[in-house]
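The data blocks that follow each hold one structure.
Okay, so subunit A shows up in both of these, paired with subunit B first and subunit C after.
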Partner chain A sequence: MSLGQAAVQRLAGRHRLRWWEALPWLAAIAAFFAFPNHLAFGTQLLVTILFALSLDLVLGYAGIITLGHAAFFGAGAYTVGMLAQHAGWTEPLSGLVAAAAVAGAIGLASGYVLLRTHGLALLMLTLCTMALLEEAANMASAFTGGFDGMPGLRFAPLLGAFAFDPLYFRSQYVYALVVLLACFVLVRMLVHSSFGQSLTGIRENTLRMHAVGAPVRARLVTAYTISAALAGVAGALFTQTTAFVNLSVLGLDRAAGVLIVLILGGYGRLYGAFVGAIVYLLLEHLLAQAYPTAWQLGIGLVLIVVALYARNGILGIADAMRSRGGRAG
Partner chain B sequence: MDLIGILLGGCAAGMVLFIVSVGLSVTMGLMGFVNLAHGGFAMLGGYAIVLSMRHWGLGFIAALALGFVVVAALSVVLERTLYARLYRASELDQVLFTIGLVFVMTAAVTLAFGPETRRVILPAWLDGQMDLGFIRYRTYSVAVIVAGTALVLALWLGFERTRYGARIRAAVDNRRMAQSLGVDVGRLFTVTFALGSGLAAIGGGLGAEILGLDPQYPLRYLAYFLIVVAVGGLGRVTGVFVAALLIGVLDFVLKIYFPKGGTLFIYALTLALLLWRPQGLFGRRAA
Partner chain C sequence: MSAAAMLETRGLCMSFGALEVARDLNFRLLRGARHALIGPNGAGKTTFVNLLTGLLAPSRGSVLLEGEDVTSLPQAKRVRRGIARTFQINQLFRGLTVLENVCIAVSERLGVGGAMLRAAGRRSDVLGEAMRLIDMLKLGADAGRRVVELPYGRQRLVEMAIALGLAPRVLLLDEPAAGIPSAESHIFLDAIAGLPGEIAVLIIEHDMDLVFRFASRITVMVSGAVFAEGTPAEIAANREVRAVYLGSVLDA
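Up next is the complex of A and B:
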């Protein structure tokens, strides 16, 4: 057996890599050439996917139900925004690292305290943490711009060569795609590692995981911290690619939005974030154009139908159809 | 404004919070159903009350009764046709469904009545100021406090002193045990759900003067309703009452003395309280 074959087998076995997993990325590259006028929307889509992916790690795999995940998105968004505005730190890649560090630190601190609770209390605690950050950002207007936020931020060119393109979003799109791919690979490796397996175990039966001696709380806090850092990266990407940041990055709307995206696509599976973000944002985009006053009606109906008839989201339907086909054949 | 005036204003806001949230607390305690659309019923009730007064010339009391009946009936229909399918679903599917329902309600109200804020036309006997002996105060706020107190008493009596209330308390504490003793929890839930939604409708109408009334109402106050329920404890009428008054008064006081950072303090307090007692002030430890 050649070394190449061995590597392929290792990927397919341990990491369960399938051939079709290349398709979303090929589609994303194709979209770059096919829709040159819609790359701003595409960038927004990629940022949302990354944000939903970070949520999937805690919600889908570790089973931590949170209403406040935008806290970390906002922390990342404000970190790069404030660094650029006040410290002249406009280099994008190191900005991402800084955002991940700040959001991760907040995730670690809050997760360490909050993750001893569960159910409604946890839901409310995550919500309150986010609301606290939002109020703090509103009050510290000297640093954050308060309600109006910080418009017109400037960032240095990527790698010193590719300037951000305010008109067509070409470099932003490629940048977001590469960052998303990197983060996705990380999440994918985590999920298929023994660490990821133990998270799933905690989700399915916490008591039994305690019984077999797994360090349940340490695992949950670790997952929460990593997820927070990834959400921070998504927030930083948002600020860098749109060149502004305001209080909307920290609000309940955004936290609920990402929750909808993930549940709609299907949580606890890596590609749920992709499907959910594409369907939700496209729907929102098209409906808002067609019915500016009542676009929420269509989205609301879709959410209700999915919740009633398609448990586990859109990818859940695909699974159900496949298993039914399998049984028939 | 002096201290007593501020306290009275806070009490009125707290009463409204209580009337809206109490149903949510009991239904969440009964079925563990995460109903994020509860505020939507309050909004629909508010619209029914305000519009029936404006267009049909209904009296305030008659309009409140109408709002209660309409929303209670609507909620039974929704509960039987839609909610009931999701009792065994995961919390996340429930969240998705109820957020979808809020979106539909918000959009429907925007389409039908426009996005602007609606105001109640108060009847003459509730308008203006009245003399309480020690202070002159807005008649309407006093009326809300009186109505709220009466409602609390009635609910408390119904909850603690009737068979029906005993069944609810039993089912909240241990649903399976209550079921095996012959309590029809499904039916209990339908009735409680309708009552809770109807009360929310009254809260929406009574509170339109205090909290405002527009299509964004359900999402804007969602956090407040949830905080009241979480702080008070699931399925605890007295707990919800204390929590609602506490938060109503605190919010009112802080908005006057610290107009910028008042809400920060409420969130911080809730955070500290839930870390200390995750089951809320009056809740039982997880059963």
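Up next is the complex of A and C:
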């Protein structure tokens, strides 16, 4: 087989499932039985993975540098919170749809305006959008609970049968896992499609993308809207499974946190969100136990090491080792 | 000259501040033309190509594609109408493979660049067309390599493959052979020779050997204006052209 044919075969087979892609899901199922007392942590982990995955679509694939992705997480979180509190709309699945619609609409509107810019201007504008939403949530206390947020929300049992028990997160965990799987299948399909390929083209060279006749801005706004909707679903899951929402869902801490997760795991590679979320939350968990006041110091040090020595994150290290092994073999 | 103009400019003007880079440019690129644009550095040749493709907007004048005014059309829309180009300095998707680079262009031309449901790897029409172009430019052995790993001369050929992947009716080549080792420049000349005859090709080139081998018509630009135009023989015999440009190149 010629090298050219080999290249075609490789590209033609890129979207096919690999055996190891079953591992994260098997591990998640195993964790359900192995750590019944840590399912609240597990649920938080699954929500974080979904949030990071949504960011990967725009940051890792389309190359949109954003520091305000929590705007959409927060929009989704407040949507289901306010619907439950004020409208008695407590059915979880339709709540997810509503959250995706609201977050997606905000993504579409802000993306349409912001994605004319790039680089530092875009970074600042995404940050400002999130700050505006945060302040709006703070001021509209009649609807949002203001600074205190909305504690003690109640949601209807899932499918009318599985109640969200505030002590035992069994339903919440399975629910979050299934939603994550559905969203992952969607994102995986997108990044391997021609649309996804064109996003990587925009990331690599926007000028050339215009010069091959691609509607660059429309593609970016589309990706941004889909990503916002997914982040909204993650936010909605957060509110539904923890039964509260407050301003922290819209803050810079959360936006920076998800960015750190993705950089730790490796962006532009789907599974970076999984690895990054596990490492980040485990580090946070363990460091907070050992050094309750200074755990962020540890995260900061790890991040410095990754930024200096592993630009493509933890999965990037794995890739580099594999290609080195392949060359030697 | 009764043949129809594929691409035409009328009174095209453009300045960067006080510097006039296009002065009342009237130019016709005929169907099937093999046309060269030459002139000293800073004459405004690349600016002219940027005006033709819509990367820059003229301050006055118009660009017509097959008689239709496209002056206000953005770059991407002109590409979809059949104007493709290569860049003087490579503009490639450096982190992607050669095959992916060409596939992106072919996907856009076939109108599937925004398709979300089907995996890019399952579009055998796109892959087949991309490989045909890659083989034509003798890049087959590099198809699976990332562009950033290739020597500059090979990258120039990828630049060409992307432009051809757009199946253009007008092809604008901005110094396509610059940086290609002379032993490989025939690859690129063969590729142009193999193009369908009705495609109009405009080439900016400093290599006079290549220009005279390729072109059946030559336009000389100096200081943002058309200085002379004619057949290669007429241009070679033109004393003024020799004085301002060719003399220095040919004697060198």
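Convention: the second predicted complex is superposed on the first by the 316 of 329 C-alpha atoms of A that agree within 3 Å, B and C clash if a C-alpha of one lies under 4 Å from a C-alpha of the other, contacts with A are read in each partner's own complex, and residues count from 1 in each chain.
We take it that a contact is a pair of C-beta atoms (placed from the backbone, for glycine too) under 8 Å apart; a residue touches a chain by one contact, two chains touch by 3 or more.
Quick caveat: nothing in here was measured; it's all calculated off a predicted structure.
Q: Of the two partner chains, subunit B (first) and subunit C (second), which one does A:194 touch, if any: first, second, both, or neither?
A: Second partner only.
Q: For A:37 in the superposed arrangement: first (subunit B), second (subunit C), both or neither?
A: neither
Q: Please work out whether A:289 is in contact with subunit B alone, subunit C alone, both, or neither, and reply first, second, both or neither.
A: In the superposition, A:289 contacts neither subunit B nor subunit C.
Q: One more residue to check, A:132. First (subunit B), second (subunit C), both or neither?
A: A:132: touches subunit B, not subunit C.
Q: Determine where on subunit A the residues touched by subunit B overlap those touched by subunit C, and list them.
A: Looking at subunit A, the two contact sets are disjoint.
Q: Using the touch definition up top, name the residues of subunit A that touch subunit C in the complex.
A: For this pair, the touching residues of subunit A are 2-4, 6-8, 10-15, 189-190, 192-198, 200-201, 204-205, 207-216, 218-219, 222.
Q: For the complex, give me every residue of subunit B touching subunit A.
A: 28, 34, 82, 85-86, 89-97, 99-108, 110-111, 115, 219, 222-223, 226-227, 229-230, 234, 260-261, 263-264, 267-268, 270-271, 274-275, 278-280, 286
Q: Going by the contact rule set out above, which residues of subunit A touch subunit B in the complex?
A: It comes out as residues 59, 65, 113-114, 116-125, 127-129, 131-132, 135-136, 138-139, 252-253, 256, 259-260, 263-264, 267, 293-297, 299-304, 306-308, 311.
Q: Which residues of subunit C touch subunit A once you look at their complex with the stated criterion?
A: Touching subunit A from subunit C are residues 53, 55, 74-77, 79-80, 84-85, 87, 91-100, 103-105, 107-109, 112-124, 126-127, 131, 134-135, 140-144, 162, 165-166.
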